[in-house]
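Labels for the chains are A, B, C and D, by order of writing; each one numbers its residues from 1.
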């Protein structure tokens, strides 16, 4: 249990960091959708390690194969099976951590939960699993594009370096212009500098990814439990290293008064609009047609290049030493993952909403 | 879809604010659990309107009946059907808002989604639905108590008035000593004063509920999607008026470096412990045996006693006037709701975890 | 687990034979459907005990209340909560079987599974639970009627007394004209006579209910696992006392050759039709627009008016004596239950099929 | 939707007959189970085409790879990803049926449902998909073996040639001794002869597979909907070409009287046993510890070597000609598929039953 996400547009992922391969089954993608493999490849490039000096220098081949569900370039309505082989899965030596629990990793909890664990590169708990999510998310994006819905994420904070502008003040098209994926060039430079410094300190740092969804129709979300933002929150909290989620006014909204926070309705042509959007495009758990926006908090990566106190499987005190290559800050590479998960949530709700009325 | 929560210990709720009644089916409660109806009643009292001067003065009878699933005081393993009749559901006049969309309520989105809505008191989108959750959560708590797990929530912020102490510095047993449910008496007084002022201003204000879970065994949580904190986050985000969720170091954690944030392991007798707990008791999505703690952000209540701009179902500009009784701040009554949802998540994961090993 | 059925149009039932009440939550009924309570009542009358001399003379009040999900006579898209109170649940004395396992009942298996059981009238395993199914099925039927789909069941066998005609040779409108619900008057008379004899013998007998669905569009069914007939089969096998299910050519079809069994296609106006219908209206698990038909085998009721060998909870040899009132043959009252479950399967698949194409 | 089966021990399959490959994700296999790849291979050999003169002479390579979820020979509790590449998927010419609907195949229904179909070899509707089920079922069998549960199927009827003995009168160990998989040597010979004659007639014929499960503990099955036999029935009806399912006394049981049919209880040492077993090991939907047995009816294979009337996608009358290689009777190769699906149902219920009691 726990390896599937969604109800109609539903993904199931499998695979460990250093097994033979990983992959995903995408169920419920409606038939007739052109599947652009180049687009999937581009999305996966955005997540790929080694893409810049501020990401891990580890190399992974993310060549994928679609084994099923696509015929003559289009989805057929049957499950899309997609695999990514781990070409160099046997190349590394993990004996130094084979029986040690790395602090703030999942080594200890997996071991206790299952009584056995694949210690190589974190096994199933490795962020390598997110490659499959990005591939699936790319297909969800293709589906959403068909309905005019766009999902765009960007880095809005690294450490205490905040992008002090709302998304409306930014040109989000510039997000991919720099390696940290912050649409404000000046802030981007400072973020890159900070991450580079952290890397030199053999340390890591956290950050925030913000995301904006435009073009959502009114009516997505299934109260009372499967509210659109509840599913979105779960999707985000399921990403490695995420510690928090807020949408619309979020945690800042608690300081406001109702008279300030309420979004007045007005009519604009055929559409009911809101004057402000503290609701973040979702009211009562259902999209209202305004922009959906939310923030996702990522902790500093647990792998650091420093000695740390820990214990072994047999309960002895040990030192875990930093070794290998790692991301000093996860948020630049998390941008496409956040988008992928958001797209999957929206695709699923878009399909479910077809069943609401007679 | 969307009215059930959980997989094994699973609830399905039904009912509108002003229909004949509401209720919940609790599936998967293991057989043999003593069902203490008095305890359920006490929990529901904590959520009940009209309990103090800082909550709505509306009166609701929350008398429940357990129709099934309990025999001679114990759960039988069959579904527990619990109903709460709405004794005075016809008493009010809602014609003044029957065709108007109240700002930041779910009136507009329900109407667009379904093409029809029960406008009386918000219908299904009313927080009255949470009465059923609290009843079900009480049963989940009884189950958790059997395994030594406790769930305790409290108010940690109202408006910009923050309780400036961590939960370890507080005596959580004092939470119920005051009407705002803040365990620090001095802060509680100031919060009560602030809410009372807001009420006099015919306005509302937001707040934060914090929650601590103690006694969780190692191993709850089903990565990669059903991580314990992802399900917890979804549970919280499914509560009316919630705008954000964070656990452990949360949004503040993004400012930290890995070397500060990582929780070193050490052995304490038979148990592996962590020196710090920035992980919030969950690593890799699985409980590690330390305290689980998290924060839930609530926006200011949308019902205010002021005139507001809006539109009608037919698209005309209208004024929505404040009328009736409402909560100036939702967090005091949200405390038992947060606990209920947390208990439901934990009960479900506790049962699922029985299937992890051979 | 196990008390819900369906994915979109989904029911969850609760309630024991002699608890305070039973009921059902119906989720996913599309908004805007007129809910005709009289029709629900009529359907429940068809299932009701005491309706004729060949059914149990037990009296049950099946007065239901719809607590939610319906507003001004129409479904609102929110869950429909329906309860049926057990008005006389305390009237009987069950002490004579309180610790004995009645042969071929569920007493022993429930006791072993849960360690506790409500022995009054079979508790949850009583066919009384099907009252909730019939109520929910009536709503599913209203939904299907909106799309021109009809579901009609009838008794085709009692003991070794077979209705020797195919459904095409019968006037199914005559089904309700007699108390055994067999559309052939002459066979009906013989069936009634047989059941009456069995009753006088203080014994019981099995039978077969056949069902025909007309007007199904092409495309219902979700291979590879949720084939339309697989879900239909599960639905039927979930009814008390059912031992077998077959559709189309069924068990007889195994004797045929492919050249006889294959249904040739031909064009009729805009429609692709089949010359024969051994497929039973379902090919590859998906409806093909032809009539769907299937048979459901019911064993003889386990409650007989005779002494039987058994053991007690403590493992001692005991005699279970026949007592009380019971059905000598279950099939006349099973007809509306079969229809209800069939309607629920079809309603669910009709909604799911909306998500198949772009 | 429709490509997953099970709740805890859950499989999701993907793949078409002539795509790049097919496979399965197995979720919820408990950690610590030794995964014997040779056993999986043996099971797949039993399903493989070309194994004897009475099966199709088509060649398929069924070499599988386990990509994840197994470490050092044992399951880790994470999803087991298993792929089977289609090595010769481009070798055939399907242009002769590309736009024709083969009678009693799924060509027409898939085309109408999805608006597009992979016509090569039947695409997703091909029985090739069952290779993935057999692989997954082999792992379920390994799990069951750990608990002493065995699943054994055999051919009990071909055409009107019935094996006139109950399973207790047979030595099921002899099932694999002949190519038709009937444990009675003499009947087996006659069945082989019949199938061979049918093959020479360029025709096909149906048959019945029977299955016996031994060693099941008391308590598997989740009433009221997920009764053990209801899930078993659905599993069987989800197999290609299946038209019916019956368990215990089945369709014959309808002719019996309750006094004959009821299974008297008696005590045998610590165990409660039944004198007869018309219940088929399941009472009230829950296993009672006796042998579970059931029959599965398979129609004659739709592919025949004869000309047949049909229509094309554009609605024109066409003739579909027999071509290629096919099974004259599917039941010999269906034996391992029936066992696989049965094992999956039991594994799932075994895990769920761990959550029944406190």
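Simple rule for what comes next: a contact is a pair of C-beta atoms (placed from the backbone, for glycine too) under 8 Å apart; a residue touches a chain by one contact, two chains touch by 3 or more.
Model, not experiment: these values are computed from the prediction.
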After masking chain C, report the chain groups that remain joined by touching.
one piece
Angle of rotation relating chain B to chain C [CA atoms, steps of 5 degrees]
180
Averaging each chain's C-alpha atoms to get its centre, pick out the one most distant from chain B.
D
Would you mind working out whether chain C and chain D touch using mostly the same residue numbers, over half shared, or mostly different ones?
same
Centroid of chain B to centroid of chain C, CA atoms only: how many Å?
39
Geometric centre distance via CA averages, chain B-chain A, whole Å
26
So how far apart, in whole Å, are chain A and chain C when each is placed at the average of its C-alpha atoms?
46
Which parts of chain C, given as residue numbers and ranges, touch two or more other chains?
1-4, 7-8, 13, 28, 31-32, 77, 113-115, 124, 352, 355-357
Residue set of chain C touching chain D in the complex reads 1-5, 7, 13, 101, 103-106, 108-110, 112-115, 124-125, 129, 157, 159-160, 198, 201, 203-208, 218-219, 221-227, 229-231, 233-235, 237-238, 243-251, 253-267, 270, 272, 274-275, 278-280, 283-288, 295, 297-304, 306, 308-311, 315-317, 352-353, 355-357
Which of the residues in chain C come into contact with chain A in the complex?
7-8, 28, 30-33, 77, 146, 351-352, 354-358
If we count contacts the way the header does, which residues on chain D are in touch with chain A in the complex?
1-4, 7-8, 10, 12-16, 19-23, 25, 27-28, 31-32, 65-69, 71, 74, 76-81, 83, 85, 113-118, 123-124
